[in-house]
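Read through the structures below before going on.
Each of the next two complexes has chain A plus one other chain: chain B in the first, chain C in the second.
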Partner chain A sequence: MTSIQPGRAWHPVASSGDAVVRHVFQGRLLGRELAVWRADDGYVNVWENRCLHRGVRLSIAVNDGRELKCQYHGWRYSNRTAECTYIPAHPADAPARTICNRTFAVVERHGLVWTTLELDRPEDLPVLPDDGRPLALRPITVAAPAAQVVDALRSYDAGEDLRLAAEAELLLRFDRGTAPGLTILVQPSDATTSVVRGVLHGVAVVDRDRPPLDLLRLHNRALNRVRARVESDLGPLQAEQQEPELELLSEELAELPPLSRPGRSASLRVRVERKWPAGADVAGFALAPLAGHLPAAQPGAHVDVHLPNGCVRQYSVVNAPGEGDRYVLGVKREPDSQGGSSCLHDVVREGDVLAVSEPRNNFPLRRDAEHTLLVAGGIGATPLLAMAQTLAHHGLDHELHYFAQTEDHLAFRDRLATLGGSVRRHLGLDVAATKARLGEILAGYAPGRQVYLCGPGPMIEAAREVAAQCGWPVEKVHFEYFKNAQEIDKESSFEVALARSCLTVKVLAGQTILEAVREAGVAMPSSCEQGACGTCLARVIEGEPIHQDVYLNDAEKASGEAIMTCVSRSASPRLVLDL
Partner chain B sequence: MITLYDYELSADCYQARLALAVLGLEYSRVDVEFYPGREHETEWFTELSPLQQLPVLCEEETTLYDAPAILVYLASRHDPTASWYPGGDPALAGQVTLWLGFSRALAGSAGAARLHESLGHLTDIDAARSRAHTLLRVLDEHLWFGEQEGRDWLCATDRPTIADLAAFPDVALSEEGGVSRIDYPAVRRWTDRVKRIDGFVAMSGIFPAGPVAA
Partner chain C sequence: MPTFLCTDPVVLNLWHPLAAIAETAPGRDHTTTLLEEQIAYALPPDGGARAWRQGAPQHPLPTLVRYGYLWTSLGTPPEDLFSIPEYDEPDRRNMNASTIGVHVSAPRAIENFLDMAHFPFVHTDVLGSEPHTEVVEYGVDVSAERDEVRATRCRMFQPKASASSADGAEVEYVYRVPHPYCSVLYKTSGDDPDRQDVIAVFLQPVDQEHVRAHLLLSVLDAAHEDKEIRNFQQSIFGQDKPILENQFPKRLPLDPRSETPIRADKSAVAYRRWLSGKGITYGVIPAGR
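For the complex of A and B:
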């Protein structure tokens, strides 16, 4: 009597009209609290109602249209996947992918938002008579267990000619003559609370903006009468509180990670939903998931794209915050393509399925700067566009300086247009003019400013040089190279001790540290494998690295505390790594 | 010059601060330590406010010690558009007064439960909470049908009135008294709308709303 056994898996938890934009609806199902919110793209999220950090309810969070921001310490969670995208207390770091709130499946149908707490149950949404636009009644919360409420509703009488015609678990259907008239669903909120949700069928709605108020009031009065009767019959409730079943940490997170196969993995399958000319020599790609949701991409993140010809290439994700239904990439045709850009331009077509890695963010964006400069050269605009959209969405002060040959060479002009006045175009400048312009842009360093650079190698070199002359400290100058153009010396041979794994491996001439480590059975992530992306970084405990990458900045290189294992080597006979 | 005798954590004082803020009025504050100092029971304060009620508002010759009275006074005197207190429209003036009365009932239930929990004023807590839920049910129904009719506020006007400012504090702080708003979705949406009124100010325990959609 006092506890409700979950039966039917899917329950309505809100009216569609409850989930208005820029609001978080507080819901409850079978004793579990839910935060229900609609993003500006229309998607309704149903999440566990707590922030992963300190457990504060997300129903008091800020819905900014793309993300929920917890009111306590500002953790941000992405539309659709509930992955944490930013932690203000760690502004320089990209949150780990495992920081992800619990989401529940959602279906919006019959004017109601439905969810299920049971992950392994197939979809068995009750089928309601669907006759055009269903009209959801005002939900009525009753302080009584669901079974009692259903009992009382069997004799529901709104004064209309409605007759009980069909009954299923927590569902009653009333017909008018032979036509379906009203379906009443009882949502088991917890052991002592239920919500009565009615859906009227066959209502002739003349004006979409003017609901038939008389009808809504009629049923509201009748349902209030039912509530009054049930609550007075029941008296004060003594039922035991229903505790939601809290699942244990998943095995995957509780156990040591399994030994993974060495090499780069592509865990996602995506379909090329759209391919279009996004600028001169630039192909835009929208990659949609084959099923489910794509992991959220933080600004600055890239994915590995595994191509039909066997090549693996890295492309920055252009997505704006909360844009979770696809990844948008921009691929420039390289005249000296080794098979990457030419394959994407010439071979890959709309409808093709590609394997891509989860997004990785080795170029994270701080959001605590008073002013952020984004300096893009050519296709280097892609990660910076993601950053600019984020800063614009948060209302943070920034400028995007975009160097390109001509107006036609600017990529993603539709997105640039949404950024308005923060975009500065610098077109057709030669090397000397570019350097002079960089001098103007980077002049006037002040504490509280940050600069992010991405573009062709020589341009980043020039910009870093100019920034240093203008007094920018190295830690305020962030950069990402497309590729490492340096000549890599692989001739030396040395020993690498892996402190955590208690292993010592020999790195032979012609072999990389990454290869030697993987050969010894130690899993190590990697992406570009040429010292540009930052994925295979290892911390150095002892020894003297010879840096051959373009990821670390000069200060990081001089400190000798980190090494890119795909290209760098050791000057000392022995290197101890934190692996 | 307006002077407000104010206690930071008082919902009634917050009504007055809200009204002063949305009307864009400057004022000076005199802090009265309601808890734990019980300064409202001192002789000097009783002279100002015979019922020992906070807040008290003084402007020139006027001294008022009741929150609804202060709201009516401020809006009548300082809002030339007469939208915050549409006293010239009999039906609207009646509605405003109705909801001002409702706000006193909220103060006596949800507000009393909060004072019981956090500020040392003991009351029959179960009765206070039960009464608060009764009022919130009425408020939710009124606001839900308002949304259906295209009305965002308590009174039948397209602008918020002092009725919204008067009812808001004890509703928005109800959870501090153990009165959850989970069962009142239309009330929760209305509190978001109030938070987005131009000039809105928050207080301890009330979080600001996020940006509106472009």
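For the complex of A and C:
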């Protein structure tokens, strides 16, 4: 990388003030370019300065406060994890979670942003005197190797009676009288460039005789004199001709991705950070990671929650874009609970540790429509709230229609309040009135519009029917059922050929395709296992499926190109799947 | 055989553009840089064209005048350049829209020329606009016979597709890459929906990481002055330039594992494979290093 390889792995790469709101700062450490940016929640990100799609610098990306948006193709990367959350060229696809830019560990301390290029390197930041407010000097870039800059700075005093009191790796500490006065850190940008970063100690915020600005000016002039001397002594340096260092991606990322990619199951451990009444019969949960960062949840995504009683349930993530420090879920108490919602309401408490899957997104939000209608019934508002927050953040035209029994039954009213006028409440309507209202909402389909539906089964059925009557094409009507209320017929028996695995398995009466496939040793992701969530989707190459799911729309079912392996069966004696 | 700083035989044997004929004063010597070599060229008043390495006028380089540009080669070039039959149609307006220096490799600039997904973000409200960002499936083939990459049925919603269009429309493109450093696109003409405007980019590799981009227009447009047509294309190119100059690495990485393609990048994937297959090493980072 470069000839400088100091022992200390953590270096300052920016002043805290460089990472200002909605800005991306370009830094450099040991020959590596960095994009440094602060999200609106205060978190400072230090990333490789390169979008992994086409290599464009992220320092010219747009910091929208929650995500970085690459200037070239509008790819969005999430605060904290740098996961790609949206690829505008393919609005119907949820980006694979593995599309993730390189991130580096960050500590913000002493008015500076520190990072290390090494993985899992413990924090070995130098300990700086901490008496009073640290005041970071204006950084000075010097065209000289770090060691030479340190040499030249040993005699630094700026006419301030500074005395070199201590020295460590690329660090000089000066005292003024008996008190610590100034620490200078030299950031090795690359083999021929360094940045001098100073931190003044014990500076009073209000000092009539010595305003901080005067001190900053004084040191700025003095450090610039040092810079001029070092640079003229050394003469112009030939920048090292560096071969660009490219880390290769995984095979999976380098290939053109398939049209759809199933979610991958893996478990995360989270702590219930907060549990609160988020609406009548609705408990809100904020789940924080035990360590590290949580994978970003795209709008529409759900997680599997593994409960202490052994139940596994799916809940949509309510998070807004870039809200990456926890997952927020809303759980409605179901009167006929089979152990899921009652356990979360009655048993799980703040501080408990739960296992959850990584978020899967089988209900992705297209952001290429001119107008988006979101129609929510009851607790079905949760994925649509995530969508509404995303659309609002992107400035895209939308309305969230929320059907509920009473005002108290509206969940997450704090979030609804931030959405302002785009939220329409429809309270206390009976079946007939709901249908009539849906007719008003869905009247007048025009190209460029789309609708997302989520709520109780009968309401989605009614809305889909009304949409069809109003001329909405099926591909513009997106929906997600909580559960599959249909009676699933499992009595038939047939053969399933797995084309890619070169296997044929027999599906017996009482068994699902998913079970038979797994028994044959073929790994297959799944989540709800009742034909609602779309995780276990398989492509059909040959044969006549009986769907029994509520995930696919009528056109998709009629085409017979995909099935849900957890509930679908076969009308033909043999079904060939692309597995 | 003279020696050159560029050692890639495939690139040495290609035809490379030096300058637009219309912008070259005849009867005097001009100089430019090609593949890190100083090249002099002239249009003698009695016709024809000459080019030579600076300081070696006794060894003329091969020359060709085609599509309004002077072309040369440092090696043994093919007899003729790729064909653009539309250029000779009598009612077309042919012109050099611009010659612009860009700090990037030629293959990166070709990929940018082939790319539609950036229209809404880089050419906002001109060649594309949010939220119309989808790149629908299109066709790509590499013709062995013609030795060129071709992308067909490329469709995109465009608010203002050319100097002559007033309203937004879905525009269909065909792209050709008939030369490692040249590309030609065809798009529905604003004036005549049954015919296509032709825009080509001919990249003069100054070195591995710098090009001069010559932009040829061959359009059907009866209403606008040359100046207006040029201004439109120059403003488009001016939007691409800062993006291209912020790509890292500047040379195009050919290892499939160095960048993440999506389905919209099918043509770029085919182009990278095609370059690899030719064994090109100049302006690229070859795979397996």
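The criterion applied here is as follows: the second predicted complex is superposed on the first by the 543 of 579 C-alpha atoms of A that agree within 3 Å, B and C clash if a C-alpha of one lies under 4 Å from a C-alpha of the other, contacts with A are read in each partner's own complex, and residues count from 1 in each chain.
Criterion: contacts are C-beta pairs under 8 Å (C-beta built on N, C-alpha and C of every residue); 3 or more make two chains touch, one makes a residue touch a chain.
Please read all numbers here as calculations on a predicted model, not as lab measurements.
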Contacts of A:E370 with chain B and chain C, given as first, second, both or neither: second
Contacts of A:E33 with chain B and chain C, given as first, second, both or neither: both
First (chain B), second (chain C), both or neither touched by A:I60: both
Touched partner set for A:P88, first chain B, second chain C, both or neither: second
Chain B versus chain C as contact partner of A:K557, first or second or both or neither: neither
Partner chain(s) touched by A:Q71 [first = chain B, second = chain C, both, neither]: both
First (chain B), second (chain C), both or neither touched by A:R50: second
Common interface positions of chain A, toward chain B and toward chain C: 33, 60, 71
Residues of chain C touching chain A in the complex: 111, 117-118, 120-122, 130-135, 242-243, 246-251, 253, 255-266, 269, 285
Chain A-touching residues of chain B, taken from the complex the two chains share: 141, 144-145, 147-150, 181-183, 185, 188-189, 192, 207-213
Partner chain C, residues of chain A touching it in the complex: 33, 49-50, 52-57, 60, 70-74, 87-92, 99, 244, 246, 248-251, 253-257, 259, 367-370, 396
Chain B-touching residues of chain A, taken from the complex the two chains share: 14, 17-18, 20-23, 25-28, 33, 40, 59-60, 62-65, 69, 71, 138-139, 141, 193, 195, 209, 211, 213, 216-217, 220, 395
